[in-house]
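Heads up, the next two complexes both have chain A, just with different partners, chain B and then chain C.
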Partner chain A sequence: MELRSNEFKARAAANLGNEKLQKGLGLIKVKAVVNRANAVAEFGDFETLREAGKEIRNRALADLDLYLERFEREATARGAVVHWAENASEACRIVVDIAKQNGVKTAAKSKSMVSEEVGLNDALIEAGIEPIETDLGEYILQINDAEPPSHIVMPVIHKTAEDVADLFHAKHGTPRKTDPAALTREAREILRPKFLSADMGVSGANFLIAETGSTLIVTNEGNGRLCTTLPRLHVAITGIEKVVATLEDVSTLLRLLPRSATGQAITNYVSLHTGPKRLEETDGPQQFHIVLVDNGRSKLLAGEMREMLRCIRCGACMNHCPVYQAVGGHAYGWVYPGPMGNILTPSYVGLENAVALPNAATMCNQCGVVCPVKIPLPDLMRKLREEQMVRGLKPWTERAGLALWGWAAQRPALYALGTRIAVRFMKWLGGSEKLIHRLPLASGWSDGRDFPAPAGRTFRELYKERRT
Partner chain B sequence: MSTRENILGRVRDALKRKVSPQDTASIDAHIAAHPLGMQPLRDWEPELRFRARAEALASTVEKVASLQSVPGAVARYLVVNNLPTGGICWPSLRKLDWIGAGLGMEDRPARGDDLVGVTGCFCAVAETGTLMFLSGPDTPAAASLLPETHIAIVEAARIVPFMEDAWALLRAERGSLPRAVNFVSGPSRTADIEQTVTMGAHGPYRVHIILVG
Partner chain C sequence: MRVALFVTCLADLMKPGVAFAAIRLLEHGGCTVEVPQAQTCCGQPAYNSGDRATAIALARKVLDEFEGFDYVVAPSGSCGGMVRAHYPELFRDDPATLKRIEGLASRTYELTDFLVNVLKLESVPGDFKGTVTYHDSCSGLRELNVKAQPRALLALLPGVTLTEMNEAETCCGFGGTFSLKFGEVSTQLADNKCGHACATGADAIVGGDLGCLLNIEGRLRRRGDLKSQVLHIAEVLAGETEG
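For the complex of A and B:
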């Protein structure tokens, strides 16, 4: 996927004025957020469950090499072929090679963020293989000139039913319809024959289970099941961090993931795949390939961002983020939007290529509070901000401002004088309304709102007065 | 060195250790023990919970006394709902008297245009109102997926409280996992367009559960 994270500010500004996007984002607050809250309340002691989820993921990461080797051994013993990919291009090459060796013309895909991360669709097209996105949201995006998703769970949150109606009418040549049920039926009827004729199915994996060598996917639509049942080849592509130890561990995580993502107690379908079609089975793929992608993950394990590897991709952090809720997923410029993306994007593509992202947060910690595996997202963003300062990646105005403040703060008398002048000046600016309509040097902030004027004396002055 | 060795090498460096047999023993022991994780409070009776949850997820549920009564129940459901009275069933169900109930059930693999699929299930999970299916020659996965209407026969005695109990049953009865384990909780659905929940995305539009026992 094309990286545009350094355009964050411009794209965020444009999105604030995009009415359709704002309508979709508004629905997150009244649906996804409310549904999660209800599901969490219904469960009972969700805090203890989050702690359990954190421990399960930490256990897997603490022995990641051993769990991966065990996973590989179990999967291979059941007839799956395990491949390892260093980076995006290697992952694509592996999948394209599998397809070419087996004469694959079309590949039915269920939703996989790792496939977006490595740009698999473009690689398949380049090799003359037609990828067909089968998740309804991803299908809508694919026929809209391969538009990128704007949310990891609800990829077309930025589109209205009217948008989809126009798109289907134009691309399918069918009478225009706006009812979501009718649109869903239309996509089903167009995709069903494609499932039946596809040579290869491509899926992601929400989890890898070391105990059994199985991949696990959660879906609601059933497209994941079709992709992994009907075609003669199944390729599952996923990150190396997705491994967990046992079926019991994954059962606990399955209580966290759907509740956090969509407010469901369980997704419609939870499917585990262990090896290819067995003797005498009438369905299932003849070959099952599993592609384990590193693409920066082992580097994350070594550093301060390690906790991010616990992520189970529920999207709760973005649903609850006031910045995401305002600017939408496309502003973030890569596969992973919202707070998770603020960490993952700079980590995977380089801090210099995503300068704005660790700063695209209010540090309100809504993300940290809802994260099902307790990733301290604001802390990690703060560490990235520090690294930006050290590496000189902050804009010169910010660096100069902080340098000036640091210089003054080390001179208490000067600092006291400066602040006394500043608060009096700002009180005067506020006038009788006690509101400042335009802040010098911060018009971007005061264009949309007023700044409450200070009362006219500094904290130190007031404190001194109370002491005496 | 191969990519595999490079990746595992970096993971080991990150974890600051060299592998010793003892390390492997510790994860092997954890896997062998597969301790239970956190489960919600169980203040319900499994069958009642299963029914309530399944219905909340838009499945319909009825109960019959014995397996012999199943074809009649299937026929009634199909007629009442104005659905075709023929379709496919799992080979494991071929001995039921479908013809006697006026139904044309074929025990062959499902095709894309089959409208009704009748299956059994391995067991059911009360916590979430979920059906568990194991793939196999007599229990093909596509039968519960391709038809627009899925009818599942569930022995009431095989409703277990939690997913962990289903794993325990699987380990005890089968030893290892089949190619596919599918947990199904109601009709296929999507909320991709304006977060509006719509049934019948790619899988069945309706799931009817017949409890036996």
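For the complex of A and C:
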């Protein structure tokens, strides 16, 4: 996926004025935020559950190497083949090789963010293999010239039913229809035969279960089941951090994930994949490959962003983020948008390639309080800001401004004098209306807001006068 | 009870009346209020901009100036939250200072939290009349659990009717330097907040943090609304102030 995170500011501003996009984004509050709140209220003690989720993920990360080894052992014992990919290109090469060795022509894909992260579709196409996205949202994006998703759970939240109606009409050559059910039926009719003819199914994995060597996916559309059972090959691709110790652990996380993501108590489908088809079985793939991708994760494990690896990709942080709600996922310029993306993107692609992202948050911590595994997202963003400061990745204007202000704030007499002058100047700027329409050096504020002018004397001046 | 007022840099510069109102409320509750004169800023702008060194220097300054009091009270959840929730992290590698900082943090309060939970005020001097709607500022709400306190205090004023707005807990878009760096996004969030607040038809939008209030008022005026009042909770509770 093309990296455009350094264009955040411009793209965010453009999206604010995009009415259609705003309409789509408005649905997040209705769908995800309200539904989550209801699900949490209905559940009761969600806080204890979040704490348990955090502990489970922490335990897995504390001994990640051991759990991964155990996973490989158990999966292999059950007939699966485990592959290790250090980076994106290696991951793609592994999947392409599997496909080539088995004469695969088409690959039916169920939703996988890691496949987006490593750019799997492009690699498959380059190797002459046709990838077919079977998740409705991902399918819509694919036929729209491989548009990137704008959300990790609801990839087409930026599109309205009208957009999809136009797209299907244009690409399928069918009469235009706007009824969502009819559109879904149309996609299903087109996708069914592709499922049946695909030689390889590619899925992600929400979790890897060490004790059984199983991969697990949650879906609502049922396409995941078809992708992982109909074709003769199943390739599951996911990040190494997704491992948890036991089925018991996963059952706790499964109570957190759908409630946090969509407000469901459970998704329509929860599928466990343990090895390929056995001799006595009639259905299932003949081969089951599991591709475990590092791509920067083990580096996070050793550093200050470690807590980010707890993430279970529920999307709650972006659903509840006022900035994401306003600008949409594309503004973030890579696979992972919203607060989690503000941390993952710079961590995976380099801080210098996503300079704006750790700063693109008001630190309101709405994300932190909804995250099912209690990742302190604003704290992690702040740490990245500190790293930017140390590495000189902040604009000189910001550094100079901060340095001057910080220097003065440590010198009370000078600070008092400076602020006295400043408030008098601001009072003058405000004029008789007492409103400043244009703030010098701060057009970011005054382009869209006035600034209420101060009274012209500082509190400490007035206080001194009155108390002496 | 000796209480130090942490004026906050925004009240000091932009709205001295808020600090005078806070003093009035604290004195009404029987406190002896002192205002350390060398105070400047809690350091949050530096902290959130990634300038850890300056944040630590300013935190030390606050520690030295405020350590000797029974309590420290700030008319701001943001500055109060900085001291309570973030100062300790700044000194995680300095056990001696950390101990002192933790002591200071445990004695530092946001104003309404202090009035309700420490002073247990049963009356306030204000005489505001009209409907108000309350914006929950992020730091106060999510770092200090300030939610019921301002509402309980407003309920002490017989002339005040509180009408809650939709999304009262959603960020107004201020975010300190965020409001300058991402002006368009910040303005949009402020606009959303103004929309929800105005939809209540309240005479005044009230909050506990000047940053948010300047942001909301600034957007409101730019939208052409010169009528709705935007007030700090201290001003409403204290009534006529000398600021």
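Quick note on the criterion: the second predicted complex is superposed on the first by the 452 of 468 C-alpha atoms of A that agree within 3 Å, B and C clash if a C-alpha of one lies under 4 Å from a C-alpha of the other, contacts with A are read in each partner's own complex, and residues count from 1 in each chain.
In this text, a contact is a pair of C-beta atoms (placed from the backbone, for glycine too) under 8 Å apart; a residue touches a chain by one contact, two chains touch by 3 or more.
These numbers come from a predicted model, not from an experiment.
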Chain B and chain C placed together on chain A: clash or fit? fit
Value for angle(chain B, chain A, chain C) over C-alpha centres, in degrees, nearest 10, is 120
Q) In the superposed arrangement, which partner chain does A:365 touch: chain B (first), chain C (second), both, or neither? A) second
Checklist entry - With the two structures laid over each other on chain A, which partner does A:73 touch: chain B (first), chain C (second), both, or neither? => result neither
(Q) Output check: A:156 vs chain B and chain C. Expected answer is one of first, second, both, neither. What do you get? (A) first
Discussion item. Quick one: is A:100 in contact with chain B, with chain C, with both, or with neither? Answer first, second, both or neither.
Written reply: neither
Of chain B and chain C, the partner touching more residues of chain A is B
Q) Can A:188 be said to touch chain B (first), chain C (second), both, or neither? A) first
In whole Å, chain B and chain C in the superposition are separated at their closest C-alpha atoms by 20
Chain A residues touching chain B in their complex are 24, 27-28, 31-32, 43-45, 48-49, 52, 56, 59, 62-70, 78, 84-86, 90, 134-137, 140, 154-157, 159-161, 164, 180-181, 183-185, 188, 191-193, 195-196, 210-212, 214, 220-223, 225-226, 228-230, 240, 245-249, 251-252, 254-255, 262, 265-278, 280-284, 292, 294, 298-299, 301-302, 306
Counting only contacts in the complex, chain B reaches chain A at residues 2-4, 6-8, 10-15, 19, 23-24, 26-28, 30-31, 34-38, 40-41, 53, 57, 109-110, 112, 127-128, 130, 135-137, 140-142, 145-146, 162-164, 167, 176-196, 198-204
Seen from chain C, its contact residues with chain A in the complex are 7, 9, 11-17, 19-20, 35, 37-41, 43, 45-52, 54, 57-58, 61, 89, 138, 142-143, 169-171, 173-192, 214-215, 217-219, 221-222, 230, 242-243
In their shared complex, chain C is touched by residues of chain A numbered 9, 12-13, 16, 322-323, 326-327, 359-366, 368-369, 379, 382, 384-389, 394, 398, 402-403, 405-406, 408-410, 412, 415, 419, 422-423, 435, 442-445, 447-452, 454-455, 457-460, 462-464, 466
